[in-house]
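Letters A, B, C and D mark the chains in the order given here, with residues in each chain numbered from 1 onward.
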Amino acid sequence: MKRFVKTTEMTLLVICVVFFVFLVIASGGDLVGANSLKVLLQFLAVPILIGLAQMVVLAVGQLNLAVGAVGGFAAAAMGVMMADHGVPVPLALLFGFLLAAAAGLANGLLVVLTRINGFIVTLATMTVLLGVQYRLVGTRTVDAYPAGLKSFGSHALFGVLPLIFLVALAVAGLLALMLRRTVPGRQLLASGGNPIAARLSGISNDRSVILAHTLSGAILGVAAILTVASSPGVNKSIGGDWLLPSFAAPIIGGALLTGGSAVVLGTVLAAFIVRFVDTARAEFSLEPSWVNFVVGAVVLGSVVLGQVRTRRQLRRTVVKAPDAAVAGGVS
Amino acid sequence: MSAPVSETATAALQEPDQPPSSSRGGRTPWWANQRIGLLILVVLLAVLFGLLRPAFFNQQLVVFPLLRDIAMFTVVGLAQLCVLSIGHMNLAVGRMAAFSMMITGISYDLWHFSLYAGLLVGLIAGAAIGALAGWVIARTGVNSFVVTLALDFLLLGLIPLVYTALTDNAAFVTKPDGMREMRNYSLADICIGNVCGSPAVPQLALFAVIAMGVVGWIYSRTKLGRELLMTGTSVKAAELSGIPTARRVITAHAMSGCLAALAGFMLAVSTGSIKATIGEEFMLPSFLGPILGGTLLAGGFISVWGTLLGTALTSVIRKGLDLLGVGLESLNIYLGLILLVALSTDRIRTVLSERQEVRQR
Amino acid sequence: ATGCSTKSSNDSTGGTAGDDASTGSTGGPVTLKDGSSVKLALIPGGAHPYFQPWKATAELDKTEFKLGDVTFDETGEWDQSKQNNVVTSLAARGFNAFGIFGVSPTDINTTFEDLKSKGFAVGSLASCPAGDTNSADFCLSTDVEAAAYKAAKATIEAIGGEGTIVHLTGNNVDSNTQRRIAGVKKAVGETGGKVTELPVVTDIDKDLQTAQRSVADLLAAKGKDIKGIVTTAYNPAVAAADGVAGSKLPIKVVAIDDDAKILSGIRSGGVSATVAQNPVGQAYVGGWLLALLGSKQCTMKTPGVIVDSGSFVVTKDNVDTYDDERKAKTKELQTEFASQLSCQ
Amino acid sequence: MTLFVAEKVDKLFPGVRALDGVTLSLEAGSVHALLGENGAGKSTLIKVITGLYRPDGGRLLLDGAEVTFGSPHESASAGIGVVHQERNLIPGFTVGENILLQKLPTSRGLVDRAAIRSEASRWLAELELDIDPDQPVTELSVAQAQLVEIAKALSVESRVLLLDEPTASITPNEADRLFRVVDKLKNDGRSVLFVSHKLEEVFQICDTVTVLRDGASVLESGALSELTRDQVVDLMVGRVHEALSLPPRSVDRSVAPLLELSGVGTATGHADVDLAVRPGEIVGLYGLVGAGRSELAKALLGLDRITAGTVRVRGVEVRIKNVRDALRNHKIGYVTENRKEEGVFLEQSVSRNIAVTIWDRLRKLLGYVPAKAESALVAQYVEQLGIRIASPAQLAGTLSGGNQQKVSLAKWLAAQTEILIIDEPTVGIDVRTKDAFHTLIWDLAANGLAILLITSDLPEMITLADRVVVMRDHRVQGEVSNDHDYDRMSQQVIRLIHAEKVIA
């Protein structure tokens, strides 16, 4: 707990709360109305998931440029299966999910087997999958799938908590549990934190990389399911705007590009902050130009703050340390 | 005062038997060199496309625009390469191009600058905005990814505001003298006596040649380039070796911004006007060229030739597919697959060379 | 939720190629003598449902005018550089007549000039270059300002002539967007203050999810005050129809284009009206003109003329018949152009 | 009983034959030393044994049966534990998790934190270490990190334990604790391989020895009791190694100090530090690990804030902004103790590593650095310091530790500084090179350089320093004038360290 107080997560939490309170006041209290809250949370589900999908690959020091393409392709596949081929909903969703996971697995395998830079591999698979997505849906917007799925996508518990948001949180929880408390999860982080040390401890970095990419694909599969359930339809533009936010959330959340950090909470909180900016845009009828300006400032501000924090912290620990070190002195 | 090492110390330090400094010492064979591999790939693909569609060698309609593209994206790649050299990223390359071209556009539209004066102003603006990014990174120690991403958003906000305020159509359409010619002229328009250059080579490509020359020279021949690479390898060690790392960070980003501006100018000249959306498509190609060419994302190693070849590889594939009339349903699928296959051969070569080397001993 | 009955947009989009051919006499008012030397390329800005009718119409052009070859190439992907590359590649492959939707209105004249200087026939289709000049042989396009004006009028009518409306559209720094914003403003202005407009929401046409999120946020923040939404871009139109239906607010939505998804919205009442354009007419008449110009049979009397290809307000009442109106317009276009030609 | 044998092992790297038919055999219940100069192939042999490298020839026998290890995991499962020369901890993890990483305890599919805590505590206790298993390893000092790695190797409960220079960065008293554990293992019938450049330790705890030279074993399993220290050194060096003899050198005490600190306090906690170094003088700065000596050096170079007192260089009060300022304007150089992270650029060529400080001097118009002049200078220092490289283009990261240290020093010699701060110069350096370094440092002082020598190696300090300043808890405890007599001096110094705090 004491350590938590000094973390990036804490900074983000404070920013979140302040931002939220500010928005509530600015909207004259409207924002805490059931519908507004629901809308706020409804559109957090997918951003949280794509942030997490990027976070797991960042955790092994890789990156995934194909987030949008994997998600968009899986969503398109599900849509087409249901609308054009009458595949039952659960089957189509399962199949789409598996496709996304398989795409992630393919990324991982390609990185490991070819030793080509992960950046290039995922760029190439992104290109391929964008092609497949277009081949699947063309310029159509596919929406002829059972209403049950759509009502799942728009249903909210107590009129406030959208189911899809809860699904996203559940995924975040599971991911956190897996990274913190399971052996494969720990091994994955060890590979990211110090690949040589991990290897010396008998951990297969290759396996960690494959696992991370597969997990990323699977999370994107869930994101695709939620997208299909909650969008007016599926078309070739799905996934088109996922790339940048997917990086922004974990990095604002405190992830290191060099690997080794599991920042599930930070990623979720960062997604909240970005979402608040959207809300502010609508609330103040801001021109997108101004919104972009604000996003830029918030990102920079929050991270600079975090940096100042850690620096101060570092200084403090260094000053404190001598006693501990001297304790082992010559006798 | 120098600190000579005396004979005694030197004698004491000498190894009894120096290892034979093998001439081949640790070098990989030429065919395993990544750049040469890329070159072979590019040539093979060009020949293949040429066989399938002889029009591939049409100077005016294919080679000329292809080279113009390669030239521009090479400069885009170099812009990224400069920050990659210190282990940073510039996610705002495209927007920096847009920003600098906005200044150039203003200089044409409002101040009636000549073509080259406007370019110069743009380059300065690019260097300045890049330096700003570098300065923030150096001062705050925040990751370059985050800073340039934030800057990207900031500019994304700023640029349209300026365009909407100053123009009717969100573009500066004033064309200074010489711009049209620059777009269309090839080396055939440059003659020494009655020997003229090839009509397949656009004059615009000269900018890329100059940029490659300057960047290559800086990194291979100068103190600045060496210091950038050292900073990229280890900031701590660089700082402790007396390299002003903060200043190098700023320099790298300024170079990046300046090159982004040049690329923006080349794009503006080749498409026709200076508009807010310049550079929107720069980001991925900016990484693709250098990284395909062997520049390390982690910093400390760059390849200018590699950047050209990496850029050429992707442009040639796309052009070939264009000529084969591959529709959008298949275009991206082929593009991605060819890239993967082509690069896998690179890996196979490396493995083979390692095997061979151990066998030779 | 709104209608769940989308089939392929190709078969339900208003008007098919065949219809338009039957409207004119074979070859139109001026008959093409020999189209075999003409290889026609229709090049949209990128993949978009709006352009899909061009594909079939191009095939029709080929059979009807006995053209050497036709192609429909959307690989430009909304990037002017890429589109320029597509154009030159097509030229290298032997195509010599081009109907182009320029990605960047401020740049496309340059591309046109290049092609003209090489002796090709060029038409600006579905959008005209920004500014006062058009360097193509002709421009056959929706008058976007007029279309937006009509859409705004339809919205105002739908809300009963009073209240607040909001305009959702695409890329702010695109000259067509500016024209659309002006069209809507004009219609609002004409109400003399009875209708007011919230600040325009731009830049939400990139993808469906962004559009959907923006609409939801807009409705959550301002839904109670809004009576009508006029959209002049595709994704915002789809998102607005869906978002309003989901929110159960009494808001009227006016959309753009007649993609299957939107027409089904009109039929089910989720969308009050849409402004259909005339892509079939553009491709058909454009193809015919380009063939005449490309075969050197005719030249334009005044190169660069700009002709409105028409826009049509579609409501529940005329959703099944508006296409006749459109066909009539196509026929009219041919006659209009015939007078602009000087032929051998 | 022979537990493990590595027989005629070969290992090739591009350009280097690191192992050339090496044979090593380890007996149960005995401690075996593996000695050799820097780059002799000790670490490479250990990496081959643990499955990290695939041997290019030879075979491994465990209990007389041939084994091949495809990965460290396989060797660990076969009962071989190892502490590698390089630090290998996972930064984001706790001490406990790092210790048990090879085999994380689980209960019901989840990592069992309580079990980690209790088990890790057991191994920490074994080393008499007072470290919280829940502490993140990033908060450990270098020495603590080293000890945690040893605990990690112990936790595998291996029959064969390989220790590659485990004592390089820990204090003598921590080393003693380690040796007690080694003794216990030995009595349990396990086999321990011990690599060290500190021969005193080797003679203290080892029973047998294998000596490597240039990748070949020149002595296999000799009994240490039958060897003298000089014999071992001669075997390693390959010829008769002359004991270090330094020519007399005197310091002119009347000359004003080149570097002078008075009442210096820093942001990292130093207070009232007084210190002066004259030209031609070697001032030793001694203290236990963590006394704040390196930090003082860094503050001097402007890397940390100086909050009180004055720093004078050549009599003039200065405020040094950064290393560049120190180098250019004051001719001060700093050879860091943290070779891997701060001393050398592992991913750059040897040539660039050495030349990094001289580009300023070589550069012509537009910053052009003539390659010829550069490589000539580099060649000169490579030659003078006997740096063992295949070519100047070789990456520094592929050099042995000793050669890396030489590179790190070479760059400061090349910079032609007048004041040199040298921090722990011979950690992990072989005997001969160490002697050479000592000659070199001596020599530099004789040539008029002012040298501030920070070292935790007391014999080294007593060999080289003219005066020894003792630090503790970021303060100067006192000063001893050195007469180079080890017994007398070491007592004085230790007494100073443990004296009551000086009253300020």
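Heads up, the rule we're going with is that a residue touches a chain if its C-beta (ideal position, glycine included) is under 8 Å from a C-beta of that chain, and two chains touch if they have at least 3 such contacts.
The model shown is predicted, which means the values in this text are computed figures rather than measured ones.
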{"item": "Contacts common to chain B and chain C (chain labels)", "value": "A"}
{"item": "Reference chain A; chain at largest CA-centroid distance", "value": "D"}
{"item": "Pair of chains joined by more contacts [C-beta pairs], A-D or B-D", "value": "B-D"}
{"item": "Where chain C and chain D are represented by their mean Cα positions, the distance between them in whole Å", "value": "73"}
{"item": "Distance between chain centroids, defined by C-alpha means - chain B, chain D (Å)", "value": "41"}
{"item": "Centre distance in Å when chain A and chain D are each reduced to the mean of their C-alpha atoms", "value": "43"}
{"item": "Inter-centroid spacing, chain C versus chain A (mean Cα positions, whole Å)", "value": "37"}
{"item": "Junction residues of chain B, two or more chains touched", "value": "160, 328, 331"}
{"item": "Residues of chain C whose C-beta touches two or more other chains", "value": "47, 172"}
{"item": "Chain pairs in mutual contact under the definition given at the outset", "value": "A-B, A-C, A-D, B-C, B-D"}
{"item": "Of all residues in chain C, those that touch chain B in their complex", "value": "47, 71, 73-75, 77, 79-82, 84-86, 88-89, 91-94, 104-111, 114, 118, 130-131, 171-175, 178"}
{"item": "Complex contact set, residues of chain A against chain B", "value": "65, 110, 114-117, 119-121, 123-132, 134-135, 138, 244, 247-248, 251-252, 257, 287-297, 299-300, 303-304, 307, 311"}
{"item": "Touching residues (chain side chain B, partner chain D) in the complex", "value": "1-6, 8-10, 12-19, 21-22, 24-26, 28, 218, 221-224, 226-227, 229-230, 233-234, 236-244, 300-301, 354, 357-358, 361"}
{"item": "List of chain A residues in touch with chain C within their complex", "value": "27, 30, 35-36, 39-40, 42-43, 46, 83, 134, 138-147, 150-151, 154, 227, 231-233, 235-241, 278-279, 281-283, 285, 287-289"}
{"item": "Contacting residues of chain D [partner chain A, same complex]", "value": "50, 52, 71-74, 76-77, 82, 84, 86, 88-93, 97, 101-102, 104, 106, 109-111, 130, 139, 141, 143-144, 152, 171-174, 267-269, 288-292, 295, 472-474, 494, 497-498"}
